[in-house]
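Letters A, B, C and D mark the chains as written, and numbering starts fresh at 1 in each.
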Amino acid sequence: MVRVAVAGATGYAGGELLRLLLGHSEVEIGALTAGSSAGQRLGEVHPHLTPLADRVIEGTTVESLAGHDVVFLALPHGHSAALAAQLPDTVTVIDCGADFRLRDESDWTTFYDTPYAGAWAYGLPELPVGGGRQRDALVGTGHIAVPGCYPTAVSLALAPGFAAGLLDPADVVVVAASGTSGAGKSLKPHLLGAEVMGAMSPYGVGGGHRHTPEIEQNLTAASGADGSQVRVSFTPTLAPMPRGIIATCTARLRQGASGADAAGIREAWAKAYADEPFVHLLPEGQWPSTASVLGSNCVHVQVTFDERAGRVIAVAAVDNLTKGTAGAAVQCMNLALGLPETTGLPVAGVAP
Amino acid sequence: MVRVAVAGATGYAGGELLRLLLGHSEVEIGALTAGSSAGQRLGEVHPHLTPLADRVIEGTTVESLAGHDVVFLALPHGHSAALAAQLPDTVTVIDCGADFRLRDESDWTTFYDTPYAGAWAYGLPELPVGGGRQRDALVGTGHIAVPGCYPTAVSLALAPGFAAGLLDPADVVVVAASGTSGAGKSLKPHLLGAEVMGAMSPYGVGGGHRHTPEIEQNLTAASGADGSQVRVSFTPTLAPMPRGIIATCTARLRQGASGADAAGIREAWAKAYADEPFVHLLPEGQWPSTASVLGSNCVHVQVTFDERAGRVIAVAAVDNLTKGTAGAAVQCMNLALGLPETTGLPVAGVAP
Amino acid sequence: MVRVAVAGATGYAGGELLRLLLGHSEVEIGALTAGSSAGQRLGEVHPHLTPLADRVIEGTTVESLAGHDVVFLALPHGHSAALAAQLPDTVTVIDCGADFRLRDESDWTTFYDTPYAGAWAYGLPELPVGGGRQRDALVGTGHIAVPGCYPTAVSLALAPGFAAGLLDPADVVVVAASGTSGAGKSLKPHLLGAEVMGAMSPYGVGGGHRHTPEIEQNLTAASGADGSQVRVSFTPTLAPMPRGIIATCTARLRQGASGADAAGIREAWAKAYADEPFVHLLPEGQWPSTASVLGSNCVHVQVTFDERAGRVIAVAAVDNLTKGTAGAAVQCMNLALGLPETTGLPVAGVAP
Amino acid sequence: MVRVAVAGATGYAGGELLRLLLGHSEVEIGALTAGSSAGQRLGEVHPHLTPLADRVIEGTTVESLAGHDVVFLALPHGHSAALAAQLPDTVTVIDCGADFRLRDESDWTTFYDTPYAGAWAYGLPELPVGGGRQRDALVGTGHIAVPGCYPTAVSLALAPGFAAGLLDPADVVVVAASGTSGAGKSLKPHLLGAEVMGAMSPYGVGGGHRHTPEIEQNLTAASGADGSQVRVSFTPTLAPMPRGIIATCTARLRQGASGADAAGIREAWAKAYADEPFVHLLPEGQWPSTASVLGSNCVHVQVTFDERAGRVIAVAAVDNLTKGTAGAAVQCMNLALGLPETTGLPVAGVAP
């Protein structure tokens, strides 16, 4: 059995990690650590994790995390680097935060307010890169940065088009909506239930959201060596639901590209995901819904070409806490340890 | 007192009309008509309309509608033309359906499956057209077509930019989300509560939604005589809330246009709505939320320039049933009859 | 015009007061005061109150509240007494808090942790008391305590039965559900949107909720001089909606009481509310829904006799912020000032 | 591998059965049958069941159901008996409908409109009966009637008290709330999303709900040979969430019963569920929430004694589709086949 610890067990990402690990046949759940909740029963914080209700939360220290094969970090952005530096090299560390996602220091500096910590292997196995998949970089790796939830949805929606050279990198527009667990457990008035229900509102509009450079990094990588830097207009929206992301992504066809028509588009997307266990291109005419992937590690994708407007429209739905965070983290752990990639990861959503 | 009838009183638009008319000081509510519900108490269908609970629903006939100064039509698309043709010329007829909205017969034929009925005065008073406002065409008019809910939000979000010549008509991308009352009361499985809650899903993707040509018609009109035809990539989304539309609208700046910068954009929007009683440009940094306009006739608008992506992003929030349908209808009635435009129309939302 | 101030304008009760006062023809809105938000624009706190968006919030002081005819107090429990003591006698003071609701000091001491401040005229006009109505005690009164939201719903559901001597005071069971605005704007993890949506959970179970003695006080008062003290088992529940209370209230028939049968029950309830503008006994077979009273000052009531179980079941729906708090406060102000009782109070709900 | 068929695969119960069976290690999913949807891809009906998306729905016939070891019936009430009669005796049949739940023909006739079909082994393993558990009646059984969702929650909330002789059978009051999937997929206006969100409303009030006799049957059985017939006042409520039941159940203490105090109550409940894998008595002070059991087969229970009102209050939360229907069905199958009882049944909820 693989012995795992979760640092930051009391947040939404931590709770989802534990839910998935409870169903993982090869894993033994070790230390659950947190900051201010240390000493509490886990059942007070996560009453849905019934089998772990009587486990006591420990403080997040090198000592409490010692003796595990895998440590998941589910900490606020900017807290992973210092902790990771103190863990032994032999531990597989999987970071659900942003700290090690960006390869370009200036991107980091522009969007985050802590020192740049470097980049780890990026945990989006399905991303087409350089003729292969990002998966290849994850097998047997000791340090993995789990992607952001929006970048997962947006990148998987559009990557097949960039990988096939069909899309114009200069004019990508993305509008996405997320359930409010995406904002975490921070106690802010606009996240109160009474404010959230019935409310949809964009935020971080005008390029301000920290996931923008990560999306651009992924789509540029998918474009391959010949591709130009992809630029994305990204608008996230808070939606009145606990979980789920729906990303509506549009781009122009690349002028003169071969296969740049409705049939070519469909073929590119179908080929990209034909063998992926978690990414499903829906039958034509059926559009993704967040409800269909709730609690599952699946991504539902659909794409069409709007001839009237001259734009490709690709839509992806993910559960921001599962494939968008904790499910991806477990998938990365499986790859890192050489386990079957799908172990412990639900592929059916919880609906209705 | 103005005596009004509502044909199609049992649908969501009809119910909202009655809610607003109950608070309108110059109006007496006459016949309430419908199809299959004729003979029922209104309280069985709209229990929220407490003061009208004991009114009996009549059939929708020329006879039941006779003797009124104003007749509101809140019928399924394609049913208004035949009925309107039978009403006396002296009656002010305000149609909440799509039948008389489109000026281009080929647009109608492409998107609807009934014969083209022509175009009435278009009931979006705030739309800038030809140096003035669409309002001018509504004062004293006998036949008015109330705009669609999405076109109201999208047109008011972007019109100031087109009116000021700041936006490129060739590359407009709109992604909007609507509460499920926008789909009406039709009994379809995907509209059941259990399906809707927690679910976001796009529909009519790829140019298929009937509101697309109406949006293009409005933005082209706002562009003035020199403007080219505006083309819009429009993706609507169903959101887990009863009411409300949030429209995220982006366009490129028009190359070389004077004032095509952040300051010029703000000025254009501020000027466009400075004197409008229902359209409010929010202070910089505050973004519209559907919750803030629930039950009100207000439109909240915000705009910014994303320098990184080179796009203007304008967002509007409306209540699809109030300003998006029934509120607009009452506003049009006020203009048609020479009443103060704001009579009977709430400007504060019901929140939280 | 009556000049009114709202102390505690930034909470949910304060916001709802302002929404209603904006539609009140006899009122001019004066000072809006609060604690930590003083100096902010109201639009930052209550973006739905569009017409007041640019008003600046003042501190809650005797000075800022001076010069008004009416002062509404919408403060946390325990803060009203000190402030009220400093306001001139000529000011009509209407307290939305609990401070002056309970007539029995020991009830107060058992359930609240601040010193007992006494009791003001209790602002539930429709409550049958001593052959008349509580309304009589409110006309021309200078100090009124607005009822709690649950007590409003429960008292109006059951009072006709106690007033008619039909119900056994010893065995009343109430289970009620409230939208989360009932918990106010306090920043607690279990009130976050992601926690609230999809969640129903009881709280204050076992007699612990502070509204219990207030309910008992009202029902005992309705029972008249001969009535025994009513004892209530009251369980409140948090429901996944922003607003609304549904109270399911059951009691046994009083042994041997005349009229203690299905027909007698219906007659008692019908008679009790025949002339009430805001309380509506629904037609037999139609049950109240929170959605039907959203944003309105109406109470929907239904009652039946369950012969199988031998219990009367009465259900009431109110909007906790409107008739449950701010609407009641305005209704009380109308009575206190001799204005028509219904002025400025919506009777149609906002649905769907 | 056990080969299973699901008759009625397109409803909510059928969909949840398939979700659980996909995670069941000992099962192979055979025929999926339905009525009007026969011939469709399952992905059109249940897009969340990604691994089964391309399976084709067959008609519900004896032929399509042949060749399976287990047949689950998830049909509308009244349809199971005729079908079950045609299946071979060697097949294990587990009925999620009401047809075989009631042991008293007159109860059936009073509450249902089809002929009485008899009673099968009742599938609530945790119910204390006659010194043992209902589980004993299920091991190796060929025909099992899965309990109703409300009876599961209510029976498990109160049974320990009746089993221990602590509760008065004559005065049980239950108010429960259910997510709207409990009403099934029937296309009725009041189940539309726009109607449901923000709405709470009781239904079947006054003893009319069909689950009433089933609750009484269970609690009477738990009372043992000496117990009187239990009578329940049961009021169900529709709540604005897709799934989940919260049942607030109260009863008076039985006069003079030994252990009829707060400590005795706690002990009775603790003892009743100490060894149950799916029923969890929460620590004192923590109350069940529907959110904590979403998608899981767990029941969360809490109990207290309200000295002021003299009543025991017990609350249970279940997922109406999992432990309330499909999870119970799988649990029954495990017992019937001699598999470990918990196989394939999630014990962690999906939250937030």
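Just so it is clear, contacts are C-beta pairs under 8 Å (C-beta built on N, C-alpha and C of every residue); 3 or more make two chains touch, one makes a residue touch a chain.
Nothing here was measured: the structure is a model prediction, and the numbers come from that model.
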item: Common touching chains of chain C and chain A; value: B, D
item: Winner on C-beta contact pairs when B-D is weighed against A-D; value: A-D
item: Self-contact between copies chain B and chain C, residue sets same or different by half; value: same
item: Chain of greatest Cα-centre distance to chain D; value: B
item: Whole-Å gap separating chain A and chain D, where each centre is the average of the chain's CA atoms; value: 36
item: Chain B and chain D, separation of their C-alpha mean positions in angstrom; value: 46
item: Chain A, residues touching no fewer than two other chains; value: 12, 179, 181, 192, 194-195, 197-198, 240-243, 289, 291, 294, 351-352
item: Interface residues, chain A side, partner chain C - complex; value: 12, 179-181, 183, 185, 187-189, 191-198, 240-243
item: In the complex, chain C residues that touch chain B; value: 12, 15, 18-19, 22-23, 41, 43-44, 46-53, 181, 197-198, 242-243, 280, 282-283, 286, 289, 291-296, 298, 300, 346-352
item: Chain A residues touching chain B - in the complex, by the definition given at the top; value: 171, 173, 175, 177, 179, 192, 194-195, 197-203, 205-207, 212, 231-235, 237, 239-244, 246, 248, 250, 287-291, 294, 302, 304-311, 313, 315, 317, 351-352
